[in-house]
Every structure is written in structure tokens, then in C-alpha cells.
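Got a structure for you, written out below as C-alpha cells; questions coming shortly.
Each chain gets a letter, A, B, C and D, in the order it is written, and its residues are counted from 1.
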Amino acid sequence: MAPGLEHYLILSAVLFSIGLFGTVVKRSAVLILICIEIMLAAVNIALVAFSRFITPVELTGQLFAIFVIVVAAAEVAIGLAIILALYRQRHTIDTKKIDLLKW
Amino acid sequence: MGILSIILFMPVIGALLIVLIPASNVRLTKYTAFVFTLIPLMLSLYLFGSYDRMSGGFQFEEFAQWIPAINANYHIGVDGLSLSLVLLTTLLSFISVLVSWKTSFRPRAFFAWLLLLETSILGVFVSLDLLLFFIFWEIELIPMYFLIALWGSGRREYSAIKYVLYTLFGGAFMLAGILSLYFTAGTFSVVELYQTDFSLLAQALPLAATFFLFFIGFAVKLPVFPFHTWLPDAHTDAPTAASIMLAGSLIKMGGYGMFRICLGLFPDEAQHYAPLILALAVVNIVYGGAITLKQTDIKRLIAYSSVSHMGFVLLGLFALSELSLLGASLQLISHGLITGLLFAVTGILIHNTHERHIKKLGGLARQVPVLTAIFVVGGVGAMAVPGTSGFIAEVTVFLGAFSTSVVSSAPVFTLISLTGILLAAAYILTTLLKVFFGPPKPTFDHVHDVTLMEKIYCGVLVVCIFAIGLYPKLIIDILEPVVASMALLWGG
Amino acid sequence: MGLQIAFWLLSAIIVGSALGVVWQINLFRAAILLIVCFLATAGIFVILSADFIAAAQVIINVGAVAILIILSIMLTREVTRGSPSNRMGLPAFILVGVFAVCVIFGVITTTWSVSKVPPTEPTTAALANLLLDGSGFVFVIQLSAIMLISIIIGAIVLLKEKE
Amino acid sequence: MSNIPEILIWLIPGLPLVSFGLLLLVVRLFRNRSVWNGYVAIMATAASFCLSIWVLFNIIKSSEILLIPGFDWLTLGNVINVKIGLIVDPLTAIMLVVVTSVSLLVQIYSLGYMHGSKSFNRYYAFISLFTMAMLGLVMADNLLVMFMCWEIVGFCSYQLIGFWFHRQPAARAARKAFFITRIGDFGFLAAIILIFSSTGTLNVMEIHSMAAAGLVSGTIITWATLGIFMGAMGKSSQFPLHTWLPDAMEGPTPVSALIHAATMVAAGVFLVARMYPLFEHSQTTLATVAIIGGITALFAGTIALVMNDIKKVLAYSTISQLGYMMLGLGLGGVAVGIFHLFTHAFFKALLFMGAGSINHSTGTFDMRKMGGLARLMPWTFATFIIGSLSLAGIWPMAGFFSKEEILASAMANQPVLFVLALATAFMTAFYMFRVVFMTFTGRCKSPVKPHESGRIMVIPMVVLAVLAICAGWFNATGGFSGLLVSDKAHGWLYGIFGILSHPLAWISLLVASGGILLAWAMYYKRWISPLKVSSRFWAPYVIFSHKYWIDELYEKYIGQKLLNSGLFNLFNRFDSIVIDGVVNDIANLNLSSGKIIRRVQSGNLQLYALFFLLGVAVISILAMLAR
């Protein structure tokens, strides 16, 4: 049988969880950014799947996905800029060592 | 916009103007502060003269709607007691400006805060609406915090934060009390509350509880044992002007509040719990006086003497007789003048000698004779030597509290409190002995005596102290209607 | 049937490469795997008859984002340090697992009102109409533009060498 | 009496007040003419003195009491009404004369004694203020006003004892004097509030009439009079509040003569006399007065025996004589006590002036460093002898008559106290002549050559010497007593010579002469070595010369150990450790709990993400379960 909505959603959920796990456990800031990108991709899969199966004509889900892609690109740009600035100043992007924002 | 409003808001307008003055123009800043404290002083003198002593009651009332939804109004007015305290506050504010004339560290901000402080204290004395009263009560914290924390000495941040926390602690209780009254009677107006019989209404909280909510709020300010430890710290570490305002008029807010609210609105509760509170008063007087004797910092010594002297206010208030109430009111004013003078002269002393430790001072009488004379005047006032206002106030408290027929245990407490006068003599005489008398020390050979301006403002206070002490009628006849009508609550 | 094979194949690639990203010690390889993941996702979009999104995915994510990431990896010399994990692996794994199970449970137990209407194809013109014909998305487009501009400026400001 | 215009009576205390004002505000501008200060004060006092004499003669003539209602001062509705009014009765009139005359003479004397002092202004200003307050005290018709004047004289005394404030002992003595008299004032003030609360008035006359009408309960009268007497004990330096007076000798000697011999210390006696109609209603209090007086008289006399400082001897003698007056008041009544006050004021002021004169030329008060001054300072010697004879109670000096009255009333009422008084009389004669012989006879041990003081100092002494002889004759025909008490109890005093017909007179003369003879034998002829006596009777000698260790008891044990480092220290510790400590502990509790809790806020973003994830997981489980 052809893959249904559930398949896509489960795929999306699994992909999202993997990204989430990576985001929490990885110490490299760049990798965290990569994992966030994976999560966004997962969201996109879900949005497009909803669009395909529930509102195949209106395309609203796809529209949202476009915006997600835009935001993701922007986020990567600014995130990487911050990482580079940070690296320049502290010569590391290890999140364990970037913990000044406390008490 | 009546005169009272002008008096009330003049200083804050001055503060706003000062903020607009360029920082480099220190002279203009000072003169602005000078003018904007002088005008309220003149106006309040005028009000003091024109208050109708025959009819008494609240006069110069002003009313405007403020928050109609909760029936809170801009309602101000004065009776004899609050008018006297307004006059005291405007006088001390004016003197504080003169005292701070030499301030060099951020003078703009200093004078602006000082002026704001004046408005907030005045607001407490003139408000006839409890919400307004509360707002002024709490606003006062802000300028005082900055005055202590920025221009203070010693552990100033600690003292400032301690002061703020203590007062907020008391203020929280008071707010609860205000709300309880509001939900009982549906109004914030003091005048309306005076005419309300709470026993006929469904009470939001038991009346005794409300009474104590207010009492704690005011007790922190007065201060009453065991809420007094903010006072020595704050007074000691504050700059001279702030010490004068604190001791001279700020802690009077506590006594005034007790008079106006604790006694005026809860006569039965006040009578019922009077023995307990009188015991606290005695503790204040004796314990405070005893601790004063142990102080080694001259400013701290004067600060602790306030604890003892405020005990007399509490004694007079809660003995609940006409004479004792008069005595308490007189003590509020007299202590403002005397302690104001003492802090002013101590400020000069510390400024000129760069020394505040009593043991390191000594033999100054020869080097600074005028300063010594002024300190002696303040000292005799504090130990209630006749001729000074302190004597009138304390003796009236004693006579009134001992002869009261409302509180049966008052005579015993009064007799114990008499030792307060002995303790006062002990600490003042010892201070005079250690600081001013004895062989002169060469270290202080080149210490300057008081300047002309210092002579003038100290002179003003000295004159006031002796004027009240020698001719108490000056102030008694304006207080008489207030205390007489208050005493009627307990049958005269 | 072909669709089914394609879906499973792509799913396997996506999950595998994503796991690889998380698992991978070498940062550079992780970035390469991210590209693989993106490409497979684009494939999924094709299966879902979202041609425009698929194209955008390839152009933007693969073409721009991934390259940007690789560039920054090189700039920060992170490659040498590898990609260590912190000590929260186990709790994170449990919590993520719980989350995933819950979501999958939710997905399975929900009855989706799947539409039988065939999807619009090709989508490019339809999307363009939808975005620009004044049905409410024009403003969002403008906002995105402003956002992108400010991001560019922000990135420049952040990375400008201090004099 | 009504022929005296009221304004003139107001002027009696008013003039010194004006003088004070002038000295404080106007004359100090003429710094280079400091002697003007003295002239202004002396003129004012002289005018007051003339007015007082006039008042006294009018009173004697008409013997009526003049009440001047005065003006409202402290009034509150009908609750309290304190008026500043004046009483002019015989008691007042006598006190007025005593105060103004001694004050006048002392001020004249001071022109010489204080010559060259830089602070003439301050000196005369406070003397004027003192004179005014003292006059106000004796004239006031109101307890509160009396109390005010009472405190102001205390304050002036404080200022004048500490006149040389740069000397540590003087400054300490001033504080001690003010503080210890304040302990007495505590009782006085308590009595005032007690009287006010039970009578509702503070007017002396009204209180007396209420007491006479039996409107005040006996217990209250007893407590009130005891309180008043406590005030009197403080001011009049009665045991156990006597310790300040000997120390007060650190002040300038004219001040000692005026304040600490003639007037202020006698104010306590006056106060008891003024309130006597109240005291009469309480036998307890009268007995207390008499007993305290008797004990003080003997006790201070014993200390005076061994002092080597001439002013200290005089000071203890003053305490002893004040005790005598109290004894007289307690046993005999107003006339007896006040009569001794009257005579004592003159001869004791004289003796102090003599001591001052000696000090002025020798520069010391230590008698061991004096000797042989009789030839060098004849006027001082002569007047000092007169004063000593008067104090010792030798006929026909003033002291003899007044002492006689006290002894007589003691004999009539209380044999024990009579013996006490007689012993005191013996000691008085002994120690005074010990002073005389040690100072004026023998070899001159002074390093500087002593010389007679100037005329300005001698003249007041001569005047006082005349008074020290004659003041007693005033009562020779009972005139003095008759003035004060209408029905005279002691009818047997009939004249200067008539008194000698009574055996008691001979007893007291014998005792006094015995004292003088013993002193003569020990200190002039040296038949009995004082050293041997002191080593034979070493126990009393040590006790006396250490003043019964009362100063040590008060200052070291009660003041320092019990209160200052004991109780007050405890309070202070309690305040900073418990009261403030609790507050700080609460604050610290917040801080330290914050320190622990803030560890969660590690700054590691991923940890926050983990917490976020935890939240998400919990919510998703809840959402799952909700299905």
C-alpha cells in the first residue's frame, strides 16, 4: 500500500527526536545548529505531508514550509555569525565553556 | 490648586527643574533647591498662622477624583498635628538643603532626591485618603534609598537596603490593613472612616487584626522595639541631610500614623491593647537608652537616642489621655527639632574633624567653641532640661500618662519610663565629656569652627527649640483641638 | 508500489543520515551527512508532490545552508576537536524517547480526515498566486524580506572586525 | 504688703535674667572690655538685692503673703493649667535676701578672683542665669515651674563646675554633679506627676490647701513627699546622693561659695520647707528626713576630719551642715531648718571665700603645703576665724543660735539623733580648727610668698564676716521663727544673752570648745601627734579617708560593673546579636538558599534545554493519558 499520512508523520517525529537529542547532547555549537536544521526539516516533512493529505488543494502547509525554510536559512546565518564572533573572542565553541550567563 | 497642594508639589517641581539644569551648573542647582524648599516653608508658616484654632478639625481641604472605580480620591487637608508636622518637615528640608550646600558628589541628583523626599513626607502628613497616604508612604523609600546608598558612608548599601526592606515589611502590613478597612467600609477616606462605626459592618478582618496590621506598619517606622535596628544603621550611614530628614521628620510618620489611624479609627482596640504597647514603649525608652550609652560612634549614639525618645511618643499616645496625647504630639515636633539640630551639628563635627569615633575625639570645646555651644544646646534638649522643647514634651507625656484614667496600668509604666531621663542625662553628659571637654588634643588644633551659614541654620533650630520650650502655647493651641477631639473617644 | 519503495528508501536514508549526524565524531562528515539528509528530504517532498518545496529545499538548504555550515566549520577549526557529547546523553535519550513514543502514539491513535482529492500539480504557480494575490500572505512576505535584510546586517555587524 | 507694685517683684528674678541676656547677646561683642560683663551682672544683682531687702522689710511689717497669679504658660483645656506666678511669703523673702546678697558678694569677689580669665563672659552669664533661676525657684508658686528652675540651677552648676572644662577632673566632676542630682530629680519629678494625678493641680498653695482639707490620701502624701525629699537629697547632697558635692569643688572657688555652699545646695532644704505643709501630713517622711539628715551630718563630719584639701573639708562640712538643716526640718519644723540655712549661707560662703583667697595667693588647696598664713594674710585670717567660730557654734556667732535651735528640737524629740547631732557639733569644731591651725599657724611651707588678696576680694569677706556674726541675732527675740511660723514652738529663745540661761547652750558650747581645744592640742601645740592618732585608730582613719568607699561603690561597682559592662552591655549585645542578628540571619538564609538553588542556573544552555525537554515529555505523557 502507498505510504499514508501516518508514515510521514512518524518519519517526521523520528527525525525530529533525533535532532532534538542531538541538540541537547552535542557540545559543538555548530553541530547543535545542524541538529536544529534537522528538526526544521522534520517539521517541513510534517507540514508538507499535512498539506498533501488533508488540504491537497489549498497548499497552506507548503506555504508554511516555505516560510520555515526562510526562517531556517536566516537562523543559520545569524547563528553562524554568532558562533564565529564567539569563536573569535573565546577561541572555543564548546557549550560547556560558554556558560557565563548565570547567577 | 490650593496652598496645600502647592506646598506639597513645589519640591517635586523643583526636583524636575533640577534634572533639567545642566550638570555643570552646580550653583543654579543649589539655588533652585534653596528656592523650592524656601517657598513651601514660607507657605506652611502662613498656613500655620492662618489655621483657625477655634474651630479645629481638618482645614485647607482639597478634593479631586482620582480613581473613581475604587473610590480613591486626591483628598488632602491638615489639622493641628499634621500642620505642625508639615511645618517641621518644610523647615527641616530647607535646613537640609543648607546643610548639603557643600555637596560635591553629583549634586544635581542629590538635591533632586532630597526634594522628592520632601514631597513624599509632606504627602504622608497631608493625605486624607488612605490609598494616597500609602502611596506617599512608599514613594519616600526611593529617594531615601538613593540618598543613603550613594551619598552615605560606612556600610551604606547594607544600611540602605536594610532600611528599604524593613519599611517595605511594615508597609505590606499596612497595605493589608488599608485593604481590610476598604473592604469593610468601602472607602479610603479618613474623614469618612472617622464617622464609621465598624462594629455595625461586616468586617473583612477582625478589627483587632486590622489594628495590629496598621500598628506594625507604623511601629517599624517609629521605630518600636523589636523593629528598631534599621534606624541606627540608616541614620549612621546616611549623609547629614538625610539623617536630619530621617530623624527629624521621617520617623514622625510612624507616630503620626499611629495617632491618626491606630488611635483615631480603633479606639477600643487601642484601649484594650494599650498595656502591651505601653510595655513596648517602656522597653524602647529604657532599653534604647541603655544601648545608647554603649555606642562609640557619635552619629550612632544620637541615632539610638532617637529610639529612646520615640518611646516617649509611644507612651504618650497609648496612655490615651488628652494630656498624654498632647505630650506625644509635642515630643514628635520637639524631637524633630532637637535631633535635627544634633545631627546637623554632628555632621559639621564629622566633616571638620574627619573623625566620628567618640574615643578618638576629645577636648574640642577650646578649639571649636561655637560648635560646642550648639551641641550643648542640642544635648540639653535631648536630656529634657527646662527651657527646651524637650522638657515640655516629656514632662507633658509623664503628667498625662501618669494621670490617665483610660489605661489603668499606665502609671506603673510611666514611673519606669522616668529612668529614661536619667539615661538620657547619662549618655548626653558622657558624650559632652568625652568629645568636647577634657584636655584639648593637638590633632584637632586646626579644626574649623562653624561657618556663618552653619551658625544661621543651627541658630534657627536653637531658636525654635527654646521658643517652644519657653512659650509652649505657640504650638499647644494648634494641637489642642486635635488632642481634645481625640481624647473624646475615650470619654475625654 | 514504486512510491512505497521510494518512501521507505528515502526514510531509511533520512533517519540513517540523521543518526549519523548525531553519532558522527568527525564534524566535517556530519555536515556532509546533513547534506544527504536534506537531499533525501527533498526526495520525500517530491513523493508528496510538493515540487516547489523540493526545489527550494535543494537550493536553499543544500546549496546555501549546508555550505555555510561547512564553511564555518572550517573557519572555526572545529574539525580538529571532533564532536564530543556532554554527560546528558542518557537522560536526554530517555526523555526524547518518551517524547517520540508519545508523538507516535498520538499520530497513530488520531483518526486523520484524509482528503481523497488529488493534489494540485504543479504547485509553483499556485503557490505564487497564494503568496502574492493579496490573500493575506503579502504582508508576511514583506516581513520576511525585512527579516532577511536585518539578518544580513546583523551578521555583518557581528562579524565586523573591531578596529 | 499691697504697697509693693507687682512689677518690682517680677524684677527681682527678671533683672538677672536681663543681665544674662545682655551678657549672652550684647556685651560679648566688647571682647576687650571683659570686665563689663562683671559690672552688668553685679548691677543687676545689686538691684535685685535692694528690692529683696525692701520686700523683706515689707513682709516683716505686714506679715502677709503676697500671691501674684502671673500668666498662663502651659494650659490645655481644663486638663492642666500651669501658670507662672509668684509667691512672696516670709520664707521666700528670707531666701531672696540670702540668694541676692551672697550672689552679689560672690560676684564682686569674683572680679578679683577671676581676674585675667578669658571667659569672663561665660562666667558671669551663667552666674546671672543661676541667680535668676535660684530666685525663680524660691518665688515660684507652681511645682512645675519650681522644677524648671531647679533643673536650670542644676545646669548652671554643671556649667560652672566645668568652667575649666579643659581640665579632666573638672569636666568629670561637672558630669557627676549633674547626673547625681538628676537621680534625685527623678524622685522629684515622680512626686510632681503623682501629685498632679491625684490633685489635678500643680499650684503649691492649692496643693497645700487640698492636703489640709484632707482631700489627698495619706499614702499618696507619703510617697509624694518622699519623692520630693529624694529631689532635695540630690540637690542638698544628702547621703547617699552626696558624692557629687566634694567633686564639685573642681569649679572656681567663688562658684563653690555661691552654688555649692550657700544657695543651690540649700535649695533642697528650701524645697522641703516650701512643701512642709504637705510633709506635716506624713510622719514617715518627717522621720525619714530627720534620720537621713542626722546620718548625713555625722557621716560627712567624719570624712571632713581627715581630708587634707581645704575645699574638700569645707565641702564635707557643707554636706554635714545640710544634714543638720534636714534634721532640723524633720524634727523642729520650717523655722529651725531655714534659720540654719540662713546663717550657714553667710559663714560658709565666707569660709569658701577665705579658702579662695588663700588659694589665690598660694596657688594650692592642700593644707599640708600651707601654714603660717596668719601674719601674711591678716584679713583673710580674721574673717576665716570668724567663719570657723560661727560654724563651730560659739556664742555669740550666728551659727551658735541656729545650731542651738536644732539641738533643742532634737533633744525634745529624739534623744538618739540628739547625741548624733552633738557628736557632729564636736567634730565640726574640731575639723574647722584643724583647718585654721594647719593653714594659718606654724611655719609657712608655701613655695611662693603668699600675700593678702586685693581689696575687691577682702571687702565681700568682711561684709560676710559681719553677717556671720550678726545673722543669728535676727532670731534673738524670736523674730525669725515668728516670721515663718505664727505659733512659735520654742518659746525659750529670748535674746542673745537669755539663751545662755539654758543648760543646753552650755552643753553645746562645751562640746564645741572641746573640739577646738583638741584641734589646738593636736595641730597647734602638737601635744598629740596626728600621725599617732591615725595609726592608733587606723581602721576609722582608713574608712574616713576613703570616704567609706562610696565613690568606688557607685562608680566602679554599680556604674561600671553592674550597669555599664553588665546590664547595658547585655542589652547592647542582645540588640546586635539577637534582634539585629535575627534580621540578618533571615537575610542570610535567603542568600544561602539562593546560593544552593542557583546552581540549577548553570549557564549551560543545553541543561536548560534538557529541563525544557523534561517539561515537554511530561506534557506529552499527560496529553497521551488524556486520550
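The working rule: a residue touches a chain if its C-beta (ideal position, glycine included) is under 8 Å from a C-beta of that chain, and two chains touch if they have at least 3 such contacts.
In this text the structure is predicted, and so the values were computed from the model without any measurement.
Trainee: Which pair, C-D or A-C, has more C-beta contacts?
Mentor: A-C
Trainee: Hey, how far is the Cα centre of subunit A from the one of subunit B, in Å?
Mentor: 64
Trainee: Centroid of subunit C to centroid of subunit D, CA atoms only: how many Å?
Mentor: Measuring from centre to centre gives 102 Å for this pair.
Trainee: Could you give the separation in Å between the centres of subunit A and subunit C, each centre being the mean of its C-alpha atoms?
Mentor: Result: the chain centres lie 6 Å from each other.
Trainee: Determine the centre-to-centre distance between subunit B and subunit D, using the mean Cα coordinates as centres, and give it in whole Å.
Mentor: For subunit B versus subunit D, the centre distance works out to 37 Å.
Trainee: For subunit A, which residues are shared contacts with two or more other chains?
Mentor: As it turns out, subunit A has residues touching two or more other chains at 20, 24-25, 95-96.
Trainee: For subunit C, which residues are shared contacts with two or more other chains?
Mentor: Residues 86, 88, 92, 96, 99, 103 of subunit C touch two or more partner chains.
Trainee: Could you list each pair of chains that touch one another?
Mentor: Contact pairs between chains: A-C, A-D, B-D, C-D.
Trainee: Once bound in the complex, which stretches of subunit D touch subunit C?
Mentor: Residues in contact with subunit C: 604, 606-607, 610, 613-614, 616-617, 620-621, 623-624, 627.
Trainee: Spell out the residues on subunit D that touch subunit B in their complex, using ranges where they run on.
Mentor: Touch residues, subunit D against subunit B: 72-77, 79-80, 144, 147-149, 151-152, 155, 158, 162, 165-168, 171-172, 174-175, 178-179, 182-183, 185-186, 189-190, 192-194, 196-197, 200, 563-564, 567-569, 571-572, 575, 579-580, 583, 587.
Trainee: Quick check on the complex: what are the subunit A residues that touch subunit C?
Mentor: Listed in rising order, the residues are 1-11, 13-22, 24-28, 30-31, 33-35, 37-38, 41, 44-45, 48-49, 51-57, 59-60, 62-63, 65-67, 69-74, 76-78, 80-85, 87, 93-96.
Trainee: For the complex, give me every residue of subunit A touching subunit D.
Mentor: 20, 23-25, 32, 95-96, 98-103
Trainee: Can you name the residues of subunit C that touch subunit A in the complex?
Mentor: Those residues of subunit C that touch subunit A are 3-4, 7-8, 11, 14-15, 18-19, 21-22, 27, 30-31, 34, 37-38, 41, 44-45, 47-50, 52-53, 56-57, 60-61, 64-65, 68-69, 72-73, 75-76, 78, 81, 83-86, 88-89, 92-93, 96-97, 99-100, 103-104, 107-108, 112-115, 117-120, 123, 126-127, 130-131, 137, 140, 144, 147-148, 151-152, 154-155, 158-159.
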